[in-house]
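Can you read through this structure? Questions will come right after.
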Amino acid sequence: MLDFLQAVSDGVLFGATYALIGIGFTLVFGVMHKINMAYAAASIGAAYSGLLLLEVMAGAPPAAVFACAFLAGGLLGWVVYLACFHFIPLSHPLATLMSTVGMLLLIDEVVVHATDGMPQNYPAMFDDVMLHAGEFTLRGDLLLVFGVCVAAMACLLALLYRTRLGLATRAVSQQPIAAQLCGIQVAQVNAITFVITGLLGGLAGAMIGASVGTLSPLLSGPLTVKGLVVTVIGGLGSIPGAIVAGLLVGGFENVFQLYRGVTERDLYVMLLLFAFLVFRPGGIFAPRGGRD
Amino acid sequence: MLELKGVTRHFGGVRAVDGLDLLVPEGCIFGLIGPNGSGKSTTVNLITGLFPLTAGTILFRGERLDDLPTHRRLQKGIARTFQNIRLFGRLTVWQNLWVAQNSPEDRARRSFFARWLGGRRRARDEIAHLLEFSGLAHKADEFAANLSFGEQRRLELARALAARPRLLLLDEPAAGMNSEEIGQLRERILALRARGITILLIEHVMELVMGVTDRIAVLNFGQKIAEGSPAEIQADPVVRKAYLGGGAT
Amino acid sequence: MDFYFGLIQLIGVHTLLGLSAYIVLLTGQVSLAQAAFYAIGAYVSGMLTVLAEWHIVPALAVGGLAGAAAACAVGFPALRVKGLMLVIATLAFGEGVRIFFFNFDYQIAKGDIKVGPLGGEGFRQIRFFPENGWTTFDVMLFIWLFVVLVMALLWWFDRSRYGAVLRAVGEDEVAAQSVGVNLTAVKVSAMTVGGAIAGIAGCLYAHYTTHIEHASFNVLVATFAIAYPIVGGLQSVFGTLAAVVFVQGFLVEGLRELGDWRNLLFGALIVLAMNLRPQGLFWRRGA
Amino acid sequence: MKKLALAVALALAAGGTLAQEKTVRISGFGAKTGPVRSFGINSEAAMLAAADLINKGGGVRLADGSKARIVVDFYDDACNAEQGISVIRRIAGTDALVAIGPTCSNVAEPLFGILQKKVDDPGDTGLQFPVFTDVAIKIGLARISEWAFRNVPNEMTMYSSLFYWLRQKYPDLKTVWGGVEEDFAHSRTTWHVVMKDRATANNFQVLGESKWLLADTNFATQVREMKKANADIIAISAHPFSMCGALKEMQRQGVKPKVLVGLTSSSSLETLQGCAKQAQGMIIPTSFAPVNKEAKFAAEQTAKFKGTADLHSMAAWENMFILKQVMESERISGDKSQIQADRRKIRDGLAKLKVTKGLLGDTKRTDDREADKPYLFVQARGNEWVVLHNPL
């Protein structure tokens, strides 16, 4: 029982990073109805950019590295938007999909070239703190990661539902043509959405780096798959859904790893996804049947 | 020919169509009118099976349609056009009609032996005839997306006819047309009836509806509020209030 | 010269893989499950030639059928979802199959060594071609026999009413249904044909590389399968071939002399290609 | 087909004579893209450095007594099986006499598979080209083809010796727990086939193992198992990225085994780059460390070509000198029209070798074309690997 609780809590805490990546996918999907396959790779790329700070300023505090990754993420988001979305006409969704795949490969390879593919030590905060309750333990640094992820989601929700920019974003996601007629610059809102998701991604990348302790270009592939799974389980375009799904997938995979072993773990994650596709195709918070 | 009994469709809490009864007799041109959002298009989608029914039954020539998928209903003889044109833009005009040849006769003709007996040539003849009828013969090899608006409307009608329907559902076929085009459309509709095709016409353009229909039903908020001949409907005060609004005379 | 024959073999196998996704893409479905059918074809036919000592031709037929059967089975439930959901559902299926082969052991003793798939270590020594005296040139001809057959078949589909129906479904499912097209039949049949092609491609892959393992069938391979027809354009089967030549012949092999720059250019050129020609490289003026 | 190849070779030879200077080409190949890029870079540097040295010493003596310069080129196979096959075919299509590579075991397996299995078997149309591997380390690969040779450490011998030494040095240690990267052919084989077996043979009790995947990020559950087992020795068979993740989790959970053993490929700079602090004290058997004059010299030369000396790149370095010796003793013609004959001579020469000279001492060669290299035990201390013990 303790093992089970421990597996769930470890998994859920780590799932916060899946949730952040899932939000990035879901937000872009919500606004543009497209997938940005380069998102997870860009997030890891941004986390690497944070390391540049340590190059210039040895001994920079971890928080500064995270901030640097956060900003780099926003910049990368904008670059991805320009390279893969801005110039490709809306009528060719497959071309957009493919160009983001090209971008994924490009970002990964740039990272590989910059580091010769070697894993890089990543700074963390509170990594020596462990909370104990009898046998039960919680990692201090994961609690921080979890806290940062929750705070970031709260900021995002506030941005979407409390500001004019958020209103415009939601308008574009629901009725792009009507929004345009109301004087909202759709291209601009799209670009801003990418910057926002990029910032979130940079943060997610940094948090992943901090919680693993090491960065490698190997991370981006599996993270892309997990992020997409989370997006579907949470319901396309649903931010609260992505959050809950991220935590759910994190906990779920850890439990199955405990009972069925690591080689079968991902098989069960895929089965969970199928279960959702069959029984709840609209995701966790799907409304019960909408018009059309 | 077509009979709707207590047909109901809910979307969440919204009752888009609510207990609708309708009887479309064979060989007639039946008009279905009503204000925006009154459930007309939903009714068409229910008849063709794009949405499942919440309650009620649909009978076509005495046969229940409720559980048949859309393509099976077409094979029974129900074809439709769309309010917002839905052609296959990257197929040619000719291919648009080719794809739509799904009547039981056409399907039988495509079987292996029938092909050798000239089935393909007859299919081509038929398409040529339809192109002629819609005035699109000179555009046969053009991509559908490159047609003008009026041509696209005509192609939609031709595509529905390619399925050799007994019942044709026209969902606002005159939307966006000028009066000359509406005149041509009226001619075509009358010509189709003359061939024995029953027509359910959903339309806003009163000029067309009042001119060609034999009988009209009026929907409001998913319910039928009146039914009768064009003249009766025009005189009906309930209809005038619901449809034309309070200010109309 | 062997090098060019080898490269043409590789281009042939990748063309088949791309064509397996091409026919599915025509119906508007983006399937990332092609790598799974590829894997199934590879493992099934490899086991037949190595363990049961079959000839390559029947093994290839069975591999193709196995791919088709799997694709048909996936086709039905996959119909429940569309668009991005389908992409991810098929991706999940593909990963599931890969993980299955990762955990799949079936070895028998043959002489002094054990042969057959061995989980994470893969399935080695699928040497039907060299053991039976086939030269690189022979193998190339054999592979291209199937490439030509499949391309001819798909080209004929494209000219036939079936091809028009596939494209009609890809353009607008609702309209296609409404003109009497049986969506289930069309989508499942396209998926099944695609699965058969991928199965054949997998069989050829297993035999010309002589060694397969779960990692040879990962998401990246699935992505390449759909990348070929998308980069090439969906107007005709030649687009897929052109894209394979562009990607495998030019980006991978032609730029090899550039050394370090090659892989950087790889991603960048795909992005550039899609920006310049969003309809695909091989696309004549028209719609 | 052969005639065509001959014609091409003749044409090349005609061009070659104009250049007057004779050359012999040795091609390298390996991963220069992707997460294992450093392997390719280091091997290439070591080959270039060795060729430079040989050429400065006059080059390779040919059968007619003249001297030929060694030319090295290096191809990237991206650690991908299909690309590896393409590359070896491309190399075989040039005037290269022999190839050194590849980096990845999953490339080596199919690559050796397309080579002729047994020489002089007319029924086998596999490629007839000698490959002398420096890195791909998964056990027993050269058995696949008689054209395949390897100069990689024999893990069976190394871990046998390591566990024997541990048994002698720490007689009171009893139990072993494994940590294994389950989805990578090499690391997986090393634990399940080598480490487990060797530990048991030396009277350790193997309690079990924790498994993870190449790109895993969360090791909490696995390390908890480790902690429960409370074994005296923990042996981690994983590549640097996931090993670092696991080591960091072990630190958090306070798992401190009395002895920590690592995978031989991880005795490289990568581990120190990723997690020097957590890897402190880890013992790894390796076939290279800059312990003597020759080894230091090789490392310096390689550094000139921007490469790092480790067990992999130094194998490439050794291969270059072994090949020079084989070319001279087998009296290759160096004539571009005799390429296939020269390749065959090199193969036969390599097959004949019983002992080769290595940086750490003599390497015994086995009948199945593998090497039994001298090795050392190194330990992570500070920011470098220091020699802990020389068992030979």
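Some points to look at:
By letter and in written order, the chains are A, B, C and D; residue numbering begins at 1 in each of them.
By definition in this document, a contact is a pair of C-beta atoms (placed from the backbone, for glycine too) under 8 Å apart; a residue touches a chain by one contact, two chains touch by 3 or more.
It should be emphasised that the depicted structure is a prediction, and the values quoted were computed from it without experimental measurement.
Chain-level centrality, scored on Cα centres against the all-protein Cα centre, points to C. Ranked by how far their CA centres sit from the centre of subunit D, the chains are topped by B. Rounded to whole angstrom units, the spacing between the C-alpha centres of subunit B and subunit D is 73. Centre-to-centre, using mean CA coordinates, subunit C is 33 Å away from subunit D. In whole angstrom, the spacing between the mean C-alpha positions of subunit A and subunit D is 38. Note: centroid distance subunit A to subunit B, computed from Cα atoms, is 47 Å. Touching two or more other chains at once are residues 102, 120, 260, 263 of subunit C.
For subunit B, residues touching at least two other chains: there are none. Counting partner chains per residue, subunit D has residues 33-34, 182-183 touching two or more of them. Subunit A makes touch with subunit C in their complex at residues 29, 35, 83-84, 87-89, 92, 94-99, 101-110, 112-113, 221, 224-225, 228-229, 231-232, 236, 263-264, 266-267, 270-271, 273-274, 277-278, 281. Subunit C makes touch with subunit B in their complex at residues 161, 164-165, 167-168, 171-172, 174-184, 286-287.
Considering their complex, residues 1, 4-5, 8, 32-34, 74-76, 78, 81-83, 85-87, 89-90, 92-93, 106, 109-110, 113-114, 116-117, 122-127, 144, 182-185, 188-189 of subunit D touch subunit C. Here subunit C touches subunit D in the complex through residues 1-7, 10, 102, 120-122, 124-127, 129-138, 208-211, 213-216, 252-253, 256, 259-260, 262-263, going by the rule given at the top.
Of all residues in subunit D, those touching subunit A in their complex are 33-38, 41, 182-183, 211-218, 220-222, 224, 240-241, 244-245, 248, 252-254, 269-270, 273-276, 278.
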